[in-house]
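Look for chain A in each of the two complexes below; its partner is chain B in the first and chain C in the second.
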Partner chain A sequence: MTGGKGISPCLLKKFILKNDFNQLKFHIMRKSSAGLVKTQYYTFAAPPNGMRLESGKRLGPITLAYETYGELNTDRSNAILILHALSGDAHAAGRHSSHDRKPGWWDTMIGPGKAFDTRKFFVICSNVIGGCMGSTGPESIDPRTKKPYALRFPVITISDMVQAQKHLIDHLGIKKLFSLSGGSMGGMQVLQWTLSYPDMVRSAIPIATAPYLSAQAIAFDEVGRQAIISDPNWQQGQYYHSARKPAKGLAVARMIGHITYLSEESMHKKFGRRLQNKEKFSYRFLTDFQVESYLHYQGDSFVKRFDPNSYLYITKAMDYFDISRGYRSLDHAFRNAKAKYLAISFTSDWLFPSSASREIVNALQNNYKDVSYVEIRSSYGHDSFLLESAVQTNVIKKFLDHLLREI
Partner chain B sequence: MLQIIRQDLNIIARFIEPGTKVLDLGCGDGLLLDMLKRTKNVIPYGIEISEDRIIKCLEKGIPVFHGDMDKGLEDYHDKSFDYVILSQTLQAIKKPFLVINEMLRVGKKCIVSIPNFGYFGIRFNLLFKGKMPRTRYLPYNWYDTPDIHNLTIRDFYEFCRKFRIRIVKKIFLKNINGKAVSMPVWPNLFSNVGIFLNTRHQEKKGKRYFKGAEHETDDR
Partner chain C sequence: MTGGKGISPCLLKKFILKNDFNQLKFHIMRKSSAGLVKTQYYTFAAPPNGMRLESGKRLGPITLAYETYGELNTDRSNAILILHALSGDAHAAGRHSSHDRKPGWWDTMIGPGKAFDTRKFFVICSNVIGGCMGSTGPESIDPRTKKPYALRFPVITISDMVQAQKHLIDHLGIKKLFSLSGGSMGGMQVLQWTLSYPDMVRSAIPIATAPYLSAQAIAFDEVGRQAIISDPNWQQGQYYHSARKPAKGLAVARMIGHITYLSEESMHKKFGRRLQNKEKFSYRFLTDFQVESYLHYQGDSFVKRFDPNSYLYITKAMDYFDISRGYRSLDHAFRNAKAKYLAISFTSDWLFPSSASREIVNALQNNYKDVSYVEIRSSYGHDSFLLESAVQTNVIKKFLDHLLREI
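Right, the complex of A and B next:
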């Protein structure tokens, strides 16, 4: 991190004299990061009208969790909306308290001097409906029954998520977003935004995403869902007031997910065939290999923070996503797009492969839209968009800087 | 070098009508497209393989596609561009025929500029020194050169004749004291660079030359 440079020798001496390394660490962190942040909530679409969903059903009231970093300028023209992936949340950057071990999920990209530079931009990260991270989802209380929705929650789509976020952006008084960005499912929302509200978007950066989910990806999602549904503790989704929760099912779903987020190469490098805390095979069905231990850990820690029903709803929304639905072709879908696009993909990503990004780019080019495409070399698989920050930062910075000069 | 390349770009720019759609293969840092965008108000697109040069294009705001033109332009529709440009790159392509064929499919016209291997300096080099020539335009050693398909202006004529490609316009440049001047006399001997504006010959038995072509594109 470059943030340490900003600290004065005098201040450094003070911290060292007081032997206050925690304070020092925090100070360095604050220089390069979005600092201390707080999740905010916006509630709208009060019943009985609510918000009309793509399925025709109505949902309301709706709460969206969001965070903001940086300052909105006077003409409200410097806002960038960040959209998260399947298991993400509104907490994209900074820390909630100085004791937080980990910063937000995209802290490497959002902050002073970073790709989404909070000295220049007002960065908003919005959660999605259907989730369980503070926004309205199956875990929320249904105002009609005063109980959690569970499976009474309507099935939502990516365009419903985007429609809800549009309410938030209106609420913040922003007429036009300077840019939009997100990876994976976040990238799907980016594409949907540019087609649902073309006049509200100046530029868009879809990362590691696809114009529609492939059969292979739908298949993995379905295995994950079946793992949850076939867990006897799932109880038709009515487990909120029960002592038994479908934790095993969700953990298995997450384990499958994690395999698809990595690449063969990155798994080989990270784990190989190494054994976990042992020299010999156990010759029993215990955890022998490191890779097994890793997946168990990922599964178990996910259970603590994620609602199994939300997993069903959000994966379904991704499966349904096809940006060309309702149009004659993919080319036709992008005919009315107005944003400048920068699409990014990663060489080792097989869940959202480069070919999928190229389909988006070619469709835009066939409409003579302003679109650039970069394929970043990386071995981390689909997770690259969270990990490969150096090149990504450079590419995004140059793209945004040119747009800033154009104003 | 830079001087003559800029001159090269200026001449390419002269071939191009304002307000057209232009695809530049191997667009580098986007110099030509940036110039065309500003002076001729064209809709520019570049294809480039190097990450560093792509970033330079993004700096200029030139739409650029990260790709390898040796893999063809199959994702582009027929005649979707007014001009497709290949500047000083033909000699470094693995499958020159495939690329030119694709250029003529995707573009209504195409512009190709080539460094002339028939230039007398190069001939002398080989004749008297007996070594692979290294010049300002072809500055590499035989073992590290990206130029794997060096050609002369006469070679290009033959190529066009064989594959029924029409040369609409041509200009030859010679470098004199760092300045590029037009060299219409014996260009294959005296010019460093040839620039050609090509189209496909309109003919009914259009499929015929593809038979020979399949040979040319074989991977060996």
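Right, the complex of A and C next:
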């Protein structure tokens, strides 16, 4: 086998001689992919005790949907936990069936020979609590009422998400994670893990994230929530058994989100002022510009896969996130951190700008902790952590390989 | 009289001796204010001809609400036209009654001794067509149906707004404007005036504006419009005689707008992560943060004064704005411009960034036109053009005084 793509020169020659590039593409895809994967479920925190949340309330039972890629080694020392962002799920890599049009959301980063190399590591990804992709959230059945929780679901925090993941990691028999990584809200969970369970984390890779959500980002979240709860079809969150769903409100919330995930530069390059399927302005309230069409598409497709109440709960968890809460200062918060950190940010990300990553790095340095920081030049805005695989792969591979050699 | 405040040392001494600081404050306010002002109305373009719009449709009759401050000189050479932004109106300076809590929207810039000095200039400001502050717009009565136009109102452009203003300037007997100024959409009108009627404009001061609306700004506008038309109370725009108004949709649109008018830095300084009237998180879907409370207030108060349909029409006019449309290039567009330009932008404005003003300046320079450009350091974001009066005053005063000396 040669290189990251795992294809031998002999096989390569065979495909080229037979002029069979589709087969070649498929072979490369299969060889570098986590392959066919299956979502698993772990249920814990049975009532009446349940799991105690940061708010003081108790939640139980809790189910976490999760997937794993690669093999856990005999001393269980090669596990890497991947944490997802606002709209993500447990399906980070591979395909659920050979007919799947799309692989998992971070498939470019997880697989044989990739940044999180499944030939070396046992990679885990779980859907957060509060979500709607298999883990317990507002659309789950409340055991007390036998109906969906809706707004009776307790408000959760990033720290609660991490506490639930810790149950899963214990269940998998892993005493110490080799590494943790995730972008955006995933990065918040990475930071929280390193402070909640410092002895369980060897290294941490927070990407495109911040030590606390900024006023501007809270503002965007709140407008999105207002769009949802202003939709009369929201019905105080009690829409699960109704024919009317707050689809329009959720679509508007998602459209706002998408503007913040791109950069002005990337929108200019991608759409500019180009018109959508027309030569002239409509002079009506129709879709004139490509950028409008893009946003409509993003809004409409999100509505098909996401629960509006989950959108409320998860954005609220992000708003509440401030890693220094309960400490005297940000510096103080990181005093007991034990992980080795690699922070990554992107030049055009204005939702989680490089300055926010630098605050994390500075606080760690002020505590004489082991931290590397890479700012990657990219025009993709906040979405860069999902799109800039090549540079991220290079940086993360080196970081992890270096750690492997230390053991 | 001394300085811009117009108060004599003798009078100042009198107030201080009498310890009457309220009287002093009132006196200073009155002396530097445009004083009590009254909105006037001019109606033209009677049907059946009306005024031909860029879309090819005809609109008439058209009423423009306008105000004037200062005196027109005998040769009618001292008129300055002020153009307002998205949510502005004709009431740019002074007060409508002595009980008015607030003066006009640019009162810091227009008045005796101010940037647009009403002791020297005759200052005019008119509400745009499509608006809802006295000029003809979607809530006006359609003479054909005797009912509000609603969506039968034709889609208008920045060029249409300017064409209507030209009728007003003709009506006032002014052959050539001494200057034109405005921020944001007001700046778009400034640019359009200099190209539509180059012989009628001596100088032009476009502030915090752009030669065309960016993809990102179109995106924000479209999300705002979607929030309005997704509100079932919008009723296809036919809400004027209904008890139900699309207030929630308009509030969401305004909240989105407000985030784009501030900067991340100003939001951080103004609100940070401070909680609103509470010590701890609510762990409910209530207003936790001050920034949320600010946005709710802005959304709610906007709903009381603005027509949702006008919001649709005016944002669409901004989206359509591209000063180079119909020309081979931006450079080509400015080839026949005759005005002397002063462009102003603000460092923290990300909606109409300095780079957009520089595009205007470069295009003018490539045509060997007379153009000055000032980038003002400010943390207020796009709102800077309404808030940074001191530096703007200094720059604009010098520009206008220089022009006065040239005559």
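The criterion applied here is as follows: the second predicted complex is superposed on the first by the 379 of 407 C-alpha atoms of A that agree within 3 Å, B and C clash if a C-alpha of one lies under 4 Å from a C-alpha of the other, contacts with A are read in each partner's own complex, and residues count from 1 in each chain.
The criterion applied here is as follows: contacts are C-beta pairs under 8 Å (C-beta built on N, C-alpha and C of every residue); 3 or more make two chains touch, one makes a residue touch a chain.
As the structure is a prediction and not an experimental result, all values here were calculated from the model.
Student: Once chain A of both complexes is superposed, is A:295 in touch with chain B (first), chain C (second), both, or neither?
Tutor: second
Student: A:350 contacts which: chain B (first), chain C (second), both, neither?
Tutor: Touch status of A:350: second partner only.
Student: Between chain B (first) and chain C (second), which, if any, makes contact with A:225: first, second, both or neither?
Tutor: It touches chain C, and chain B stays clear.
Student: Of the partners chain B and chain C, which touch A:154 in the superposed model: first, second, both, neither?
Tutor: Touch partner of A:154: chain C, not chain B.
Student: Examine A:268 and indicate which partner it touches, taking first as chain B and second as chain C; both and neither are also allowed.
Tutor: second
Student: Between chain B (first) and chain C (second), which does A:398 come into contact with in this model arrangement: first, second, both, or neither?
Tutor: It touches chain B, and chain C stays clear.
Student: Contact-wise, after the overlay, does A:142 reach chain B, chain C, both or neither (first, second, both, neither)?
Tutor: In the superposition, A:142 touches no partner, neither chain B nor chain C.
Student: After overlaying the two complexes on chain A, where does the chain B footprint on chain A coincide with the chain C footprint?
Tutor: Shared contact residues on chain A: none.
Student: Across the complex, what residues on chain A touch chain B?
Tutor: It comes out as residues 342, 358, 361-362, 365-366, 368, 370-377, 391, 394-395, 398-399, 401-403, 406.
Student: Help me check something: in the complex, which residues belonging to chain C touch chain A?
Tutor: 55, 57, 151, 154-155, 212-216, 218-220, 222-223, 225-227, 229-232, 248-249, 251-252, 255-256, 259, 262, 264, 267-268, 270-273, 281, 283-285, 288-289, 291-292, 295-296, 299, 312, 316, 319-320, 322, 350, 353
Student: Once bound in the complex, which stretches of chain B touch chain A?
Tutor: 21, 43, 45, 51, 54-55, 57-67, 75-77, 80
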